[in-house]
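Okay, so here's the structure we're looking at.
Here the chain labels run A, B, C and D in written order, and each chain numbers its own residues starting at 1.
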């Protein structure tokens, strides 16, 4: 270990945040760029499954909430890309990589949203899982990422409560058809939410290094269990069930046991054999391509203004 | 009058049909090309206000009927363009003139269709007026046009009955909201239908020559009155009213009297200041422009097939 | 028409226009030309939707017939909607949306400014809140008019096309009908803002290098009285689908 | 699932697929690349809509629960619809519509051919009538596959793109599930036509100069059991708007 590396690791170990101008190992930089860009991409692509119901939101209140939520997500994308750019990466280049399929976004967003209840299920389960993943990132060793996460987590908690409230309203005050919609949404989003934590730690080769660098602070299985333990009582309170016959409270461990995750689906999705990942990327790419002339005009105008001012 | 002209006029007077290979005066040819092309354009543009409700037709039966009707209209467009081509005009050129705004289509199709009841009102009133205009054209002196009209009139009568039946069903079996829709549709289409016969004969400079050539056999006012006389009893049978306080039966003349037509609206529409004439032409132009590559491919393929066969 | 009836008609025009514009912004979600515009458009859409709700709430109170704001937004048909025609025009490309918003924003800002002085305090209050938002909206769309008008050849061409296509609908921004005149007379409504609108539009057109068309004059269509272009029906079919499909549901 | 339940599910797949395809043809109205295609597409759409009605009528009789064919078409939601995923894909350009119809038509022709020999006479009768139409449809879309595949560089490129985008949905044309197998076993349904489909598609691809992709394999989506792409909801919102908005109306 070089003196720089040792010094870096000492700072990390002492919980001192690494800032953009500090020396950092190449691997640390690359790991963070990959992680933050994936995270940013996921915020942006994650707008689409919700955007799919924005024009069909069933009341003024729900439409306002959903617009605000999606706006927050676009905002999160912006902070995260900024955090990523402090590491020397370029936003446009990273977005192009996304569009060329060279980098990933969270696989959960390749699932279609088929009914309005999915807006509740995404808020509750997907944002819920995201928060469990992200809370420890508020203490991530990289300063800009850590600070972005503090802001993101606060808003996500709000979204999660709103999502849950959507489902609760439908279960408490809704018609039978609405209750069916809720259960159906849970059936479809349950397992994909559990998969959001990634494969078991023994199958996650990068975990150990990320832990040492304090980018990551908990194992995937630990976070998944934490999510599950907080979610099952909420599920019961809703009056719904999980599509998992093996789900039950384990007195001994003090945790919920659950069935085996079908990782084949997860790996299929990662390999592009996903429900509507193709459509998601096509839509994003089209937005950016169609917007080229707009961005060009803005640049040309700014240049003219500058020239006139000079 | 040249001998050819005299011979031509004698044939016309004797009710002998003029056929494509016969000699005919230039003015006769031009008048017919203008009239038939406008007629053909009107069939094609006339598909659009109905097409606007095709995807929202409220039952399987009504959807089938409307599709069949629109298909018939496309068919009418095809015969009429064929009849026009026997006069030496070119379909594509005439269509380009339409798209450039150099030739007109029936102004009735610049009105928007705002509710499903408009499908009934168009069938009953608009097709009704068209039939009154077209029945005499079955005896038009130009053979191909006359024969096309015989076929067109038969189908139009069927459409008119269907349109009336749409309204009758809504009035007899419908809810109050549906009955309002019917009256509202009649309110909007009543005057424009009466305008379909064109201004009074004294203001129609070409009428006399067209009469002599037996392209036209009745004055505009005469046809308008015929339409009105047949339509008012149907209106009463529906249980609806016309938006014309002056409409009433005149024992003396044996016809219905009616209020003054606001010709300003008609002339405005002709001058392009129309409800949605712009949209109609834009849609037609876009269809033809977007279809260029398809037609090119068909031609290229046919050429290759021919080359291979040779 | 008495003032009460005129008032609910008038408020529905404001409400429906906001609502329909907000719906068009919803269609931009995920399709904006840049992430910053994604945020900005969602923001404007949110503002307009919030204003729509405020107006609808007031109409519901005035009518007091058991129907709430959601009913007004989601259960009235295309002949009952009272929005300005320009609001319902398809979002088109970014030039169309820019021109549409600019024409509306100039009008909206003028109208809300006057409404802050309405003798109806509820209206004055809603307008005052909305005016802050509308001021930002107008600044934003004016900036984009300049950027697109003065940007590249392509952006100038697209903006010119957009203006040409939308211009005829601006007659509803400069003309008023009896209802509007009556309420202005009564010190309640904003009245005619045509002169100020034309002046501001001319100013921005000059700066953006755009040719100012002849004033648009009224034609057959009349959004304020429910005679809409064919676009509105499709917009409502999508927007109202769930409340229509599940009339007894609570969301 | 007993044979009766399986049968109504099976028939709904046929009906809904026809219905959704017909709806996509409605969207072409006024937008076709040539007048002759306007007539031809409306014709195919009419045939499919007529077949949909025949199947719906039969389902309504079998279920005998007071709901008629219109109810089945206009009052079931996106999770209840049973159409093949390929049917609901947006109409796209003419290459997309051509490829979509071709894939469907080859399947449809094979299925109807087998169904003419169904032990259920009603099915055999409907299929026999539909088969004549489907034979024409298949000939027509095959011809267009050749024209576009062999036409110009642009048409070839567009068709290749269309095939690439649509191909993954063809797994539903070549695979069968339990319901289909059960009914084939019982001599009622058409069973699996995958081999014949692949052979015919390969033949036409070769002639059209197109590259044949690897067989599509099942993924998460499952139209036959109501797990649709996001396109279907919008299609139904538009198609069902009037019956949803006026539930008590008679049209």
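The rule is short, and it goes like this: contacts are C-beta pairs under 8 Å (C-beta built on N, C-alpha and C of every residue); 3 or more make two chains touch, one makes a residue touch a chain.
Predicted model only: the values in this text are computed from it and were never measured.
Novice: Distance-wise, how many Å sit between the C-alpha centres of chain A and chain D, to the nearest whole number?
Specialist: For chain A versus chain D, the centre distance works out to 37 Å.
Novice: Name the residues of chain D that each touch 2 or more other chains.
Specialist: 77, 237-238, 241
Novice: Mark out which residues of chain B touch at least two other chains, giving numbers and ranges.
Specialist: 56
Novice: Please classify the inter-chain touch graph. Allowed labels: line, ring, star, complete, other.
Specialist: Here the contact pattern is something else, fitting no line, ring, star or complete shape.
Novice: Pairs of chains that touch, anyone?
Specialist: A-C, A-D, B-C, B-D, C-D
Novice: Where on chain D is chain B touching in the complex?
Specialist: Spelled out, the residues of chain D in touch with chain B are 22-23, 26-27, 29-39, 42-43, 45-46, 49-50, 52-53, 56, 69-70, 73-74, 93-94, 146-148, 150-152, 154-155, 158, 238-239, 241-243, 246, 248-251.
Novice: Within their complex, state which residues of chain B touch chain D.
Specialist: Within the complex, chain B contacts chain D at residues 44, 47-48, 51, 54-60, 62-64, 67-68, 70-71, 74-75, 77-78, 81, 116, 166, 169-170, 173-175, 177-178, 283-284, 286-288, 290-301, 304.
Novice: Under the stated contact criterion, what part of chain D meets chain A in this complex?
Specialist: Residues of chain D touching chain A: 77-79, 165, 168, 217, 219-221, 227-230, 233, 237.
Novice: If you look only at chain C, which of its residues touch chain D in the complex?
Specialist: Residues 77, 234, 236-238, 240-241, 244-245, 247 of chain C touch chain D in their complex.
Novice: Mind listing the chain A positions that touch chain D in their complex?
Specialist: It is residues 52, 56, 111-115, 181, 184, 188, 265, 268, 273-276, 278-279 of chain A that touch chain D.
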